[in-house]
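Here the chain labels run A, B and C in written order, and each chain numbers its own residues starting at 1.
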Amino acid sequence: MATRAPFLTTPFGGYYHRDVPQEDAELTHIGPGTPCGEYLRRFWQPVCFTDDLRDLPRRVTLLGEELIAFRDGRGAVGLLELHCPHRGTSLEFGLLSDRGIRCCYHGWLFDVDGTILETPGEPETSTLKDRLCHGAYPTHEYNGILFAYLGPPDQQPPFPRYDSFIRPGYRLIPGRQYFYPCNWPQILENAMDPVHTAFLHTIVTGAQFTEEFGKVPELDFIETPIGMLYIATRRVEANIWARMVEIILPNLQQVAPAWEDGHYVHPFHGPMMSRWIVPQDDTHTMFIEFRHVSETAGVTPSWWADRGVMLPGQLPESDSYEASQRRPGDYEAQVSQRPIAIHGLEHLGATDRGVLIFRQQIRRVVYPSTADNSIGPKTW
Amino acid sequence: MATRAPFLTTPFGGYYHRDVPQEDAELTHIGPGTPCGEYLRRFWQPVCFTDDLRDLPRRVTLLGEELIAFRDGRGAVGLLELHCPHRGTSLEFGLLSDRGIRCCYHGWLFDVDGTILETPGEPETSTLKDRLCHGAYPTHEYNGILFAYLGPPDQQPPFPRYDSFIRPGYRLIPGRQYFYPCNWPQILENAMDPVHTAFLHTIVTGAQFTEEFGKVPELDFIETPIGMLYIATRRVEANIWARMVEIILPNLQQVAPAWEDGHYVHPFHGPMMSRWIVPQDDTHTMFIEFRHVSETAGVTPSWWADRGVMLPGQLPESDSYEASQRRPGDYEAQVSQRPIAIHGLEHLGATDRGVLIFRQQIRRVVYPSTADNSIGPKTW
Amino acid sequence: MATRAPFLTTPFGGYYHRDVPQEDAELTHIGPGTPCGEYLRRFWQPVCFTDDLRDLPRRVTLLGEELIAFRDGRGAVGLLELHCPHRGTSLEFGLLSDRGIRCCYHGWLFDVDGTILETPGEPETSTLKDRLCHGAYPTHEYNGILFAYLGPPDQQPPFPRYDSFIRPGYRLIPGRQYFYPCNWPQILENAMDPVHTAFLHTIVTGAQFTEEFGKVPELDFIETPIGMLYIATRRVEANIWARMVEIILPNLQQVAPAWEDGHYVHPFHGPMMSRWIVPQDDTHTMFIEFRHVSETAGVTPSWWADRGVMLPGQLPESDSYEASQRRPGDYEAQVSQRPIAIHGLEHLGATDRGVLIFRQQIRRVVYPSTADNSIGPKTW
C-alpha cells in the first residue's frame, strides 16, 4: 500500500503538506518480476495493429521489455527480444526473410519461435544454432490486432473470445491506438469514473460528447466474475437513460456509445468499443481499440466505421499549451496526475467507488494474503 | 562546508586534479526541509508579475515546490499546490471561477486559501470538503509583482517595504523576469562582485555598460544590519566615482545605475533596480526586478521606463553558440559554472571578499553553531 | 567479468530470458580512476583536428573529463580543464590571448601548461598566481591532429611514430571525425570482425564496398607485440585475396583499403587509414582518422584524398528512421547494441575470435592477476 501524506485541515497550510510520498509500487510497477507485471503477463496483451507489420520490422516496448514484431515472407508473425543474441545489435535493423528475420550485422536468422535457423558466418560444424534459442513470445492475430502472451509458458491461457466480439449484426474492426506518457492505472481508472464525463467532458469544456452527459448521474458499481461494471443512470425528459461501462480484468474496457443520451427509446446496443490499456513501461502506456460497428443503418454513426476519425477528447487538439489549458480532455486530466500518480496524495470520495473497487480487485489477485477483502469475495 | 579539491601547484598537472567534489549542499539545496530552503522560506518571495494572472492559471515552480497561481473572478489571488487533492490532476488545466479555481476533472472548487468550496460529484451529505483543505500559501500583491510566503504560518513576517521603494520623486515599476538554468548563489554572488564589470562587461567583450567600468576599482565591502553592500571607487577625470550595490538577505539586490560613470557631478540617485534572485529548484533560478524611475527629466534614461527593453548582457543575444563564445555576458559566465557551482574547486581571492561575506552571512544564520563567525557579528 | 544471462534453449522462451545483466564495467568504464580509463590514459590520444583550433577555444570531452583546447597568439596549443579555477566559469567563453587564454568573467590568464599568468583584479601583492596552477595536459600536434597525454606525468611516453605513418611514396593526411552515442569497445571490435563486411556491408544492404566482400572469408587472427591483426582470405577468380586489418592497443586501427577486392594482382599497399576510437565518456565515442594517400597514380582513388568525402557506411545517410531500417550500416549495427553493449547477453562464435582476443588482451594488461591468460603470453 502507498504511504499517505497528512490529511490537511488548515487554510493556507501548504507548508504542512510539501512532501510527496512514493508511488504505489504494488499497482503501478509492471516490469519483469514485479507482482503486478507478472499478473498482467498472465493475459494475452495487444502489441500493435497487424497491418503495421509490412515490409519492415516494428520495434515495440511492452511491459517493460524491448521487443521486435514482424511478419515474415510466409506470413508468420514473430515477437522476439529486440537485441540479437549474438552481439546485441537491434533486430529493428534486421532483414525480413522468407522464413524469420535476419540480423543485419552477421546475418543470423531467427524463426518466429526464437529458433536460430542460420548462423552463416560460423563454420558448418557449428552446433551453436541447434543448442541456443533467441527469446520469443507466442502471438495471436485477431481481427486486425496482434496479441502476445508474455507470461510463463506452462500457464498460457487460450486466447479469449468475448461475446461482444462475435455479436450478430455487428462488425468488429480495429480502431485507433493512443500513447500517453504516464502510468497505466490512472488511465484505466478513468473508465470506472462516470462522474468525469459530467465535468471534464461537458461542464468544464463544453459538451465533447452530448449535453446530457453534463448531468451528474446516479451510480451503481457491480462486481462481475471477470471484473466490474458501472451503471450511470440519468432521467432524460420522460426516459431513464442507463449507461454501462465494463472492465474485464486486468486491462480491458468495454465502453458504451458516446453518442447515446437517452433522448429516444432504443434497445441495448452493447459497447461502442473494446479497448486495452497496455503498459509499455512504468511511465508510458499504449491503448488500442476494437470498434463495434452495427450493420443496421442508424445505430452506429458512420464516422465510427472510419479508422481515420478518432473519438473526441482522447488527444490534445494541438501542440499549444494554451489550447490544452482552455479545453482540457482525458489526456490533460490523466497525464497531469504525474508520470506515476501518487495514491498517497489522493482523497477518494463516494464517486470514486469504481476506482477503489478496481484497485481492490487487482490487489486481491496480486497480493491475496495482504489485501483487504472486504469489498467482495475473490472472483478472479 | 564543501569538500575541497587538491590545491594544484604543478604545470601540466591535470592528472592530479580530476575529481569533482560534491556541491556545497548547505548553501545550494533549497527544497522543502533543507536548511537553506527553510531559511529562504522565512521571507516573502516573488512569484510572477501580477499582470500575468489573467484568464488562465499560471504554473510556477518555487523553492522546489510545484504550484499554481491564479486570480479569480473577485480579483482574489491564490497560490495553491499544483495537483488536485482529489485525484492529482494538475490545476494548470483548471477553470477560473467567480470564487476560486475548479479542477477540470471532477469540478472540485478551491478558494484562494485552500478551502474546498465544492465537491460537486459527491453526495450532498458529504462532509469531505468541510474537513479537508488543499495546500495554499498566503500572497501579497505589490506594485505589479505577486509575492508569497512559503514558510511556517506561525512565523509569517509582515510584507517588507524598503525605503528605496517609496522614495519621493521616483516611481517603482515592474521590469523584466529572467530564467537561468543554474543554482541560485552563483547568480546572486555576481552582485557582490564588482570586478566582473571591468572584465566581463567591458574589457573582454567591449563596453556593455560604459567604458569607465573597464577600470578595476578600489573596493570596500560593508556588512549592514540586513545584509551587505559594496562601494567600488574609481577616479574619473577630476571626479571620484563611487558605485554602490546592496544585498538585502537572503536574495534581494539593489543595483546602482548602469548608465552612471562619474563623468559629471550629481547627487546620489539610489538604485536603478531592486531584484530578487528566486530559486525555482536546485538547478533553475528566476529573477525578477522592480525598476526605479525618476520623475525628474534626465535622471533615468527613457528606455529604463519601458518594460519591453532589457538591461544589456542579461541574456544571450541569440541561440548561436558561436555568438555566445564571441560575446559572453552574465548568462554565460554564471550558467557555465555548472548547474550547481562546485565551491570545492574555487580559489577565491581578495576581490571575492564580497562573495565570501555573502556566503558567510547565509551560513551564520542557517548553521549558527558551526559557521565561522570571524568575519563579523551575527547581525541578522 | 560480466555476469551472464541464462543460456536459453526453449522456443517461445522469452519469459526465461528477461533480465538484463550489468555491463562489463572492467572494459567499458573509462572515467578517471577506472582501471580501463587509467590504461587508456597511458597512451597519447587524439583530441581534435588542429585546423579546428582557430580564433575560438574548442570544448572537448575526453575519457570522461571536460576540457578546453585552444591555440594562442604565439601558436602554442593548450588543453586545460574546462572550468576556471577561480570561480568555475567555463573557458569555452574565454578570450584567446597572445599568450594563453583569458577567462571572460574576471580576466584570469592561463598559459598552455596551466601556469596562471595574470589575476588582474587581484592586488599587485597577490601571490596566488605564483602558487596555484590550472589543470593542464601536454599536447602534441602531428600531421593535422592534436594529441594529448592524460596519464600520470612521470609515465609520459614519447609520441609514437608508426612505420605506416612515414612510408615512402605516401602522404598522411587528416581525414574525418565521427561521433557515435555508445561505448567504445563495441566500435573498436568491429575492426576485428571481418565477417560483418560480408553481411552488413554487402549481403544485407547491397554492396557498400565491393561485391567480393560478400563472400565469407577464411580467417586468421594473429597476436602481435603491440596488439593483433586479422587476415581474411578469399579466392577471387584465379587469385587469392588476403585482406589485413590491425589493432594497435589500446585503440588504434589500421584498416586495409575498402576498394581492393582481389580482382587484379598488386603489391601490398598497406592501410588506407589509421583510426583512433576515443572514448569521450562511457556512452559517447569519437573516432578520428589519418588517411594514407599514395603518390603513385591509380593506387589510391582520388576521392580518398578529399577530406570532404567520407567512407561509405560510417553514418546514417539521413535522419530518417525508415532509411536506417532499410539500409543499416556500421552506425546502426554498433550503436543499437545499447549505449553500453551487455557482454553478458552475447553468444560469441568461432568468427568472434578477434573480439575475444581483443578483450582478452585488454584484460591481460588491465587486470593481470585475474585475467585468463590461456590465449597467449602477455605481450604488452
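In the analysis below, a residue touches a chain if its C-beta (ideal position, glycine included) is under 8 Å from a C-beta of that chain, and two chains touch if they have at least 3 such contacts.
None of these values were measured; they are calculated from a predicted model.
Engineer: If I superpose the C-alpha trace of chain A onto chain C, what rotation angle comes out, expressed in steps of 5 degrees from 0 to 180?
Structural biologist: 120
Engineer: Indicate whether more than half of the residue numbers at the chain B-chain C interface occur in both copies; give same if so and different if not.
Structural biologist: different
Engineer: Which integer distance in Å separates the CA centroid of chain B from that of chain C?
Structural biologist: About 45 Å, centre to centre.
Engineer: Where in chain B do residues touch at least two different other chains?
Structural biologist: none
Engineer: Using the touch rule from the top, collect the residues of chain C that touch chain A in their complex.
Structural biologist: Against chain A, the touching part of chain C is residues 7-19, 186, 193, 195-196, 198-200, 203-205, 216, 322, 324-326, 328, 332-334, 336-338, 341-342, 345-352, 355.
Engineer: Mind listing the chain C positions that touch chain B in their complex?
Structural biologist: For this pair, the touching residues of chain C are 32-33, 41, 56-57, 65, 79-81, 83, 85-90, 92-93, 95, 102, 104-107, 111, 113-115, 119-123, 126, 128, 131-138, 150-153.
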